[in-house]
Structure formats: structure tokens, C-alpha cells
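Read through the structures below before going on.
Both of the next two complexes hold chain A, though its partner changes from chain B to chain C.
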Partner chain A sequence: MNYLLQQIINSLGFGSIVALLAAGYTMTFGLIGLVNFAHGEVFMVGAFTAYFILTILKLPFWLAILMALVGSIIIGLLVERLAFKPVRGSGMITLFIIGLGVSQILRNSTVMLFDARLKGFTVSGFLKGVYMLGEVIIFKKTLFIFLTVLAICIILVYLIKNTKVGIAMRSISYDTQMAQSLGMNTERVIIITFIISSALAGFAAVSWGYIYGSVHAAMGVHAVVNAFVASVIGGVGNVLGAVVAGYIIAIGGNLFIAFLPPDLVGLRPLFVWIVFFIILIFKPSGLFRANIK
Partner chain B sequence: MNKVPLLKLNNVLAGYGKMNVVNNISIRVNQGEIVTLLGSNGVGKTSTLRTIIAQTDLKKGEIKYKDIDITHFPTYKIAGLGIGYCPEGRAIFGNLTTKENLQAGAYLLKSRQKFKINLDRVYSLFPILKERHSQIAESLSGGEQEMLVIGRSLMNSPSLLLLDEPSLGLAPKLVELIGKTLREINKEGVSILLIEQNAKLALEISNYGYLMRKGSIVLEGTAKELVVDDRVKEIYLGII
Partner chain C sequence: MEYMKRSNFIIKYVAGISVIIFILFLMERLLSGFWLTLFMLFGINIILAISLNITNGWIGFFSVGHGGIMLAGAYAAAFFTLPVFFKEGILDLKLPSFILHTQLAFLPALLIGGIVGTVVGIILVLPALRLRGFYFCAGTLGFNIIMETIAENTNGPMGLRQFLPYTNIWWVWGIAILVIYITWMVKKSYIGRAFIAIGKDPDLAEHMGINLLKYKLYAFGLSAFFTALGGILWVHLILNLFPKAFNLILVFEVVAMIVIGGMGSITGSIIGAAIITFFSDILAPIEEGFSLFGFNVPSMLGLMTVLIGVLLVVILIKKPDGIMGEKEISLGFFKKFLRTKQT
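Up next is the complex of A and B:
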């Protein structure tokens, strides 16, 4: 029992990262049909920004979080304006290919500018150490990240459920032209959505640095695949669904290898795809209500 | 009735890409009037409405609303000037609840008070919507969805309503209710440009009408004149 509980608690850190990425991912997926694989690089840029603030400049952690958000937002908006806006309305496949291209460019530019090696991430003092719950260990940083992400997600779900912008986002996801004829400025809503989605990636990036102690140029690849699958499982455009699915994938992935013979640990990445195909076969619209037609 | 023009289309040529669907159309809707666009399927009635709210490619001509040239305005700005649009085919937001659909309709309203007033107004026009307020719109019946579309377009307090086939596929009783509601809305000062297959209903409630054929206006006149015109009868008896 303790073993199971420990595994679940261990997954909360990565789960929080996937949840944040999936929430941001699903917002733009629903809104403009964007299967955005460049989201992983928006995340990576946030992580590098935080790395410079924390490790190189040795500045406090709140500044690192703030600058990671700013870094991710700038890259996210640049990608939207320069790559996605010019081809708006040309269909999912075009957007998907452009997203892949942008992802390659950003990742390889980072490798060229710096290198592909791990960059050590300084963890602030108050986040070091563990709490004990009986025999179960929980890292302070994991708890801090989990609670913060929980708060962020509650705010986000409230925002999308109850505010004008939230209703506009969901309306546009369902029927863009109709939404415009009710007076919604879709370009403005798209920009707001990219800002929110990139900011979530920025916070996820700092969380990654704290949990794994290092960041690197290719860190977005694995994470964005999980985010993509979580957004499909959660119902495209459904933020709450994406968050829940994000945690399910992370916890499931951990339990998958926890109960597998040790020499099969390499199969870990397989888990997310198994879940993905099962969902596609039995419930292609996702576990929760999608926000698209 | 005073004849202040609210909406004027002058020689409008529009379509989709290279194809022209609307050929040199001139239409006028006066303040407080209900105007009907008649014509059989595929003559460009819907495209004419969509041209007004900038959802087709407009190539020539001009559109004036309250003396403002809106020819090259984007859709959302046109909505902001007070033109409401109800497309055919129950274009609700199926992922939102009934009330959220109405909130989406009130996107342009600034004051909460105005929102309350308009919401109560829509609920009194269509009491069933109040009963269904927390239900996902996708699960509403066809008639309820049509009421929701009309109700939603009233939430922004429009001065002109563009209505595309509100009675399509509805039970006779509902058609009657919609007709009655349109008259009521109109009495409160909302002008209406209506497309309706049900010519009887349409001409009954309209002041003026236009008959379209192959993208052009072939006949116009007051509703009373049109009711007795052979060409109008022809179309609705299906003799074309």
C-alpha cells in the first residue's frame, strides 16, 4: 500500500508539468485547431530563462518564475504571429506541419547557441528537504509545485467557465464565424489564449527544473507528447479534462513501470501511446466533453 | 411610418473566392420595418445576409448602416454597431449551456444591469429557455435551439436583426410562435431583414419584400403587392 502511495506521490511533480502543458495545449487546439508541437519549445525557452536567472545570475526564485513566464510568453506570441497567423484558416495539417517545423528550428537553435547537455538548476533553500507522512516521503518542492498548480488550475477553470473571455474562447472553438457575428474579436481572443497558454508552459518549465534539477534543449519533446495525448484524452478544448488527464497519464506511467519487471523499465514511453490508442478506439471524443463541433 | 433608411446595399457584388453569388443587389431596410428576401433555394439569399456582416468576399458596391459605410468593416465591428445575425440551421454553441449561449450573445454589453434586463426579456419571450438554462445547448430540441438562436441575437440589444429561415423544419405551432415573437420584437423598435421559405408567414409580418432569382433582385414591392404577384406564387408553388 505504501509502495503504491509513494509511486502516486512521486508522479505528482511530473503530473503537474503535464497538466499545465496540456491545459495550455488544449486551449489553442480547441480554439484554432492547432496541434502545436512548438509548445514544447515555448516550455523549453521558459526553462532556459529561469536557468539563467537562478544558476548563472544567482537571483531569487520568484524572479526566475516571473522571467520564465515572460520568456515563454514572448516566444509563444512570436511563434503565433510569425508562423501560425499567416496561415490562419488553412487547416489542421498545415498548422501541424508548421508547428513541427518551428519546434525543430527552436530546439536546434538552442543546441547551436548553447549545447545539448544538461544544465544544472539551482533549487532554492526553502524548497529543499522532505516531509514524512508515516513511511511515505514527499519532497517539499513537489508539494509546493503540486499545490501551486492546483491553485492555478482552479483559477483557470473558473476563468474559462465564468468570464467573458472564457465564454468567448469556448464560443470561438465551436463556431468561429458565429462568434464573430456576435461581436467577438477573434484575433484578440487568440492572442489572449496564447499568452495564457505560454505562461502556463513557463511555470511548468520552472517546475521541471526544480523537480529534475536540470534542463536541456530537448526537454520539450517528451513533455509535449504527453501534453498532446492528455489534451485528446481530456476532450479537445476542455481545460479541466486536460488537467485531470495530465495527472492520470503521469501517475499511470509511473505505476506502469513500478509494477513491471525491472528490465522492462525502458518501455515507459510506451504507456502514453497505449492509453492514447485505447482512447482513440473506444472513446475518440475524449473522456470529457470536447469544446469543438 | 417614417422612412429613415437603416441599412442600404448599393449595387453589391459578392461571392466566395472567384465565384459570384450576389450580383449587383440593392436593398434597403427602413427604421422599424420588417423586410423579406424571397426566392427559391440557392439564389443567394443567405449569401446576401452574410455579405452584410462581411462573411463573403465583397467585390463591388457599398453597404451603409445608419449612414456609416460598413463595406470594409470586419464582422465583429459590424456586430458592435448593432446588427444581430441569426444564421439558418440552429447555429447554437453546442458546447455551452443555454445560459452561456445567451451570455455569449451579450458579449458586447458593458453593464451587468443591461444584461439582466435583456436576459429577463429573452426569458419572457421564450420561457422554455429559462427552464433549460443550465442544460447543454446541444441537448435542446430543434425548436428550442431556434429560440435560443433568436434569443441570443437579441442579447446585444441590436437595432437590426438579420434572420435566416427561422421557421425551417419547425412544427406549425412553433412557426406561429416565432412569427408572433418577431412581430413583438419589431414593435419594440428592432428592424428585421428576414429570409423565409414560408412565404405566407413572411409576407404576413413584413412591410416590404424583395424577390431574388439567380443572385439578382427581380421584383420588389410592399408585402401587399407581393402577395398577389404571380411570380411570387410561381416560386412557392415550385413551378420555376
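Up next is the complex of A and C:
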């Protein structure tokens, strides 16, 4: 029982990253049908910004979080403006190939400018150490990140349900042309959505650095695949569903490995795709209802 | 009259084949080292691009999982072409003994690999039954990762080594020209028109009496067979099999070929293969850094993938149909072109 509980608590850290990425992912997915495979690279750029602030310049951690958000937002908006906007409305497959191309460009540029090796990430002092709950170990950093993600999630749900911007987002996701003809500035709403989703990726990037202690150029690949599957499971466009599905995927993946014989640990990437195929075959609309909610 | 026509036909074929053999013979004599390898890589890229075009361009199921098919075919062929003492010794493979103790020539191994690839490719039809459009695309992405993971966990992440250099210019270009010829004939036939009809509108095609399942099976089987052949030739050219090498970056290059060349066009695929081969292999030495007139250009690994990505994005934004669109360059095309010039 303790083993099971320990596994679940251990996967909360990665779960938070996947949940944040999936929430950002599902918003652009639901809004303009964009399958943003470059989201993982937006995440990676945020992590590198935080790495420069924390490890090389040795500045305080709140500045690192702020700069990671700024870096992610700048890259996210640049990608939207230069690559996705010119082809908006030309089908999901075109958008998918463009996203793939952009993610290759950003990842390989990072490898070119820096290199592909792991880069150590300084963890701030107050996040070091553990809490003991009986025999279960809880890392302070995991708890901090989990609570922050919960707060972010509540704010996000409030934003989408009750504010003017959120209502605009929902109406665009139902019918873009109708929203436009009613005088809504869809361009502005799309940019706001990109800013929110990139900012979530930026915070996820700092969490990744704290949890794993290092960043590298290919870190976005694994995370974005998990986030994509989480957004499909949660129902496309459903932010709360994506967050819950992100945690489900991380915990499920960890338990899958924990109860498998040790020489099959390499099969970890299979779990996500098995879940993906089962969901798409038996419940294609996802576990929760679709459209931005 | 009928007799004359048939003899004309035969003369055309004999002349065509002898010209091709002469060119290949000349190439074999003239080229060596880097340029010979490059010429063979160009042929392999043509095979991969044309076979991917069958599923992605014609029947409209955008697959990014062909790396998995290549991997399966290459593994199956490698189990038969590797020398027996390597299989038992350094590589320490855990295989049934009848595979462990046989070593076949290249042609039977090629056929076995092709058949295994076809079987794996037909597995891809299963998601194609339920998923459409983008979801199929994501499913094949998962298929690629699943195949890669399984390969890494059967023989370790280092894969296989100690291949015999079977691939030569005759194998590569013989198969490439066969693939071009077969796909050209298929495109002109009833089957090819059925493929393209499915790609344009699956529901309408079904109403016209086209059996969707049957033609999906044909398309995926044909595509997977050629892709597996391409994978086997590639592995026996670079002489090692590394499961990570079949990941999304390889598939991305092949996708870039058909998107740049034009989806659904055979000549477009060939042009795309030429462009990507030029980028990823001729310009590759630049990545390692060099000195030009006393300036030291530092090494920039990954530069070529960046350039291919930029090219792909620019083509998709400025000319979404690619260079050729769905048109083909053939002899008739030239004749029509000249005729319109004269009048």
C-alpha cells in the first residue's frame, strides 16, 4: 500500500508538467483546430531561459519564472505569427506538418547554438528537502509545484467560465464565422489564447527543471506526446478535462512501470499510446465533454 | 497493323531498358566513394518517397508511421543476411534456431523483409478503419514510437551491426526503376484511379462502388512492401541498424520530400527526393565545420534539419501544392508543351 501511494505521489511532479502542457495544448486545439506540435519546443525555450537566469547568471528564482514565461510567450507568438497564421483554415494535416517542421527547426537550432547534452539546473534552497508522511516521502518541490498547478487550474477555469475573454474563446470555438460576424475581434482572442498557453508551457518548463534537475534540447518530445494524448483523452478543448487526464496519464504510466518486471522498464513509452488507441476506438470524444469549457 | 504496334511496343521497352542499363554501367564506372554512396542514397530516397506517396498522396491517409515499417522489414531481412557466427557470437541474438543457423543470399532476404513489412503495414489499416484525417496521423506517430520501443527492447538500444555490404548501384536503381514503373502503371489503371477517388472523397467513392477496405489494404500493402525494401537497402548501405535512426526525423525527411515535390505526383516525389538528398547529404559536410579563406566556420550539428524544416514551412505557406501539384512530367507532357508553343 505504501509502495502504491509512493508511486502515485512520485508521479505528481511529471503529472503537473503534463497537465499544464495539455491545458495549453487543448486551448489552441479547441479554438482554431491547431495541433501545435511546436508546443514542446515553446516549453523547451522556456526551460533554457530559466536555466540561463538560474544557473549561469545566478539570479533569484522568481525572476527565473518570470523570464521563462516571457521567453515562452515570445517564442509562442512568433511561431503563431510566422508559421501558423498564414495557413490558418487550410486543414488540420497541413497545420500538423507545419507544427512538425517548426518543432524540428527550433529543436535543432537549440542543438546548434548550445549542444544536446544535459544542463544542470540550480534548485532554490527553500525547495530542497522532503516531508515524511508515515513512511511515504514527499519532496517539497513536488508539493509546491502541485499546489501551484491546482491554483493555476482554478484561475484558468474561472477565466474561461466567467470573464469576457473566456466567453469570447468559447464562442469562437463553437463557430468562428458567427463570432466574427457578431463583431468579435477573433484575432485578438486567438493571440490571448496563445499567450495563455505559452505561459502555461513556461511554468511547466521551470517545474521540469526543478523536478529533474536538468534541461536538454530534446526535452519537449516526450512531454508534448504525453500532453497531446492527455488533451485527446480529456476531450478536445476541455481545460479541466486535460488537466485531470494529464495526471491520469502520468500516474498510470508510473504504475504501469512499477508493476512490470524490471527488464521490461524500457516499454514505458508504450503506455501512452495504448491508452490513446483504446480511447479513440471506444470513446472518440474523450472522457469528458469536448469544446472549450 | 496490330503486329506493327506490338513490335513498336517491344522495341520501346528494349531500348528503354538498355539505355537505363548503360547509364547505370556508366555511373558505376564514373562514380566512386562519396558520390557513389550519394547516388545510391538518392535511389533509396526515391523508393521511400514514392511508396509514402501511395498512402499519403493518393488515398489521403497521412501516415507518419512508415519508419516503423522500415524498421520491421530491415530487422527481418537482417536476421537472415547476417553471418551465422556474428549472430551467435558478438550480437548474441535470441532467435529460434532455424533462423539463427541460416544465412541467405540478398534476394530471398529482401523478399522476406518485404513480406514482413507488408504484414506490419497492413496492421496500419486497422487504425485507418476507425480514424480519419488528423487522428490517423497521430495514431501512426504512435505506431512509429511503438515499433521503435519494441525494437529497442528486443535487441537492446544498440541494434545490429556487422552487416555485409550487399547494396550496390544495381540493386538500388533496379528496384527504384521497378518501383517507378509499377506505381506509374498502377496510377494509370483502375486500381490507381480508385485510390485517388478515395483520396478525394471517401464517401463518394464508396457510393461509386469502390470497396474501401479492399483498396485501403491494397494501398497500404503496396506502400509497405516498397518502404520495407527501401529500409533494407538503406541498412545494408550504412552497415548498421540503430532503432533510434528510424524515428520521426527520418519520417520527417521523407514527408518533406513528398510535400515539397507535390502530394500525389510520382515525378514530384522524385524531384522532392533530389532536393532533400541534396540538402541532407551534399551539404552535410558543412555541419562539421570547415575553414574558408582563413575563417573558421564552427561546427553546427542539426543545421540541415533546420534548413529542411524552413524549406518545408515556406513551401507549405507559399505553394501548398508543392512543386508539381498532382501533375506528372511524361513524354506526352512534353509533346503537348511543344504543340502549344507552336500554335
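Criterion: the second predicted complex is superposed on the first by the 291 of 293 C-alpha atoms of A that agree within 3 Å, B and C clash if a C-alpha of one lies under 4 Å from a C-alpha of the other, contacts with A are read in each partner's own complex, and residues count from 1 in each chain.
Here is the rule we go by: a contact is a pair of C-beta atoms (placed from the backbone, for glycine too) under 8 Å apart; a residue touches a chain by one contact, two chains touch by 3 or more.
Just so we're clear, the structure is a prediction, and the values are computed from it rather than from any experiment.
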**Prompt:** Just chain B (first), just chain C (second), both, or neither: which does A:G266 touch?
**Reply:** second
**Prompt:** Touching A:V111 in the superposition: chain B (first), chain C (second), both, neither?
**Reply:** second
**Request:** Examine A:L100 and indicate which partner it touches, taking first as chain B and second as chain C; both and neither are also allowed.
**Result:** second
**Message:** Taking the superposition on A as described, I'd like to know which of chain B and chain C A:S90 touches: first, second, both or neither.
**Reply:** second
**Greater chain A contact set [chain C / chain B]** = C
**Message:** I'd like to know which partner A:L280 touches here: chain B for first, chain C for second, both or neither.
**Reply:** second
**Request:** Look at A:A168 in the shared chain and tell me whether it touches chain B only, chain C only, both, or neither; answer first, second, both or neither.
**Result:** first
**Prompt:** So, A:L159: does it touch chain B (first), chain C (second), both, or neither?
**Reply:** neither
**Footprint overlap on chain A, comparing chain B with chain C** = none
**Fill in**
Within their complex, chain A touches chain B through residues 164, 167-168, 170-171, 173-175, 177-186, 237, 289-293
**Touching residues on chain B, where the partner in the complex is chain A** = 53, 55, 74-76, 78-80, 85, 87, 91, 93-96, 100, 103-105, 107-108, 136, 152-153, 156
**Fill in**
So, in the complex, the side of chain C touching chain A is made of residues 62, 64, 127, 130-131, 133-135, 137-139, 141-143, 145-146, 149-150, 152-153, 157, 248-249, 252, 255-256, 259, 300-303, 305-306, 308-310, 312-313, 316-317, 320
**Request:** Using the touch definition up top, name the residues of chain A that touch chain C in the complex.
**Result:** 35, 83, 86-87, 90-94, 96-98, 100-102, 104-105, 107-109, 111-112, 115-116, 225, 228, 232, 264, 266-270, 272-273, 276-277, 280-281, 284
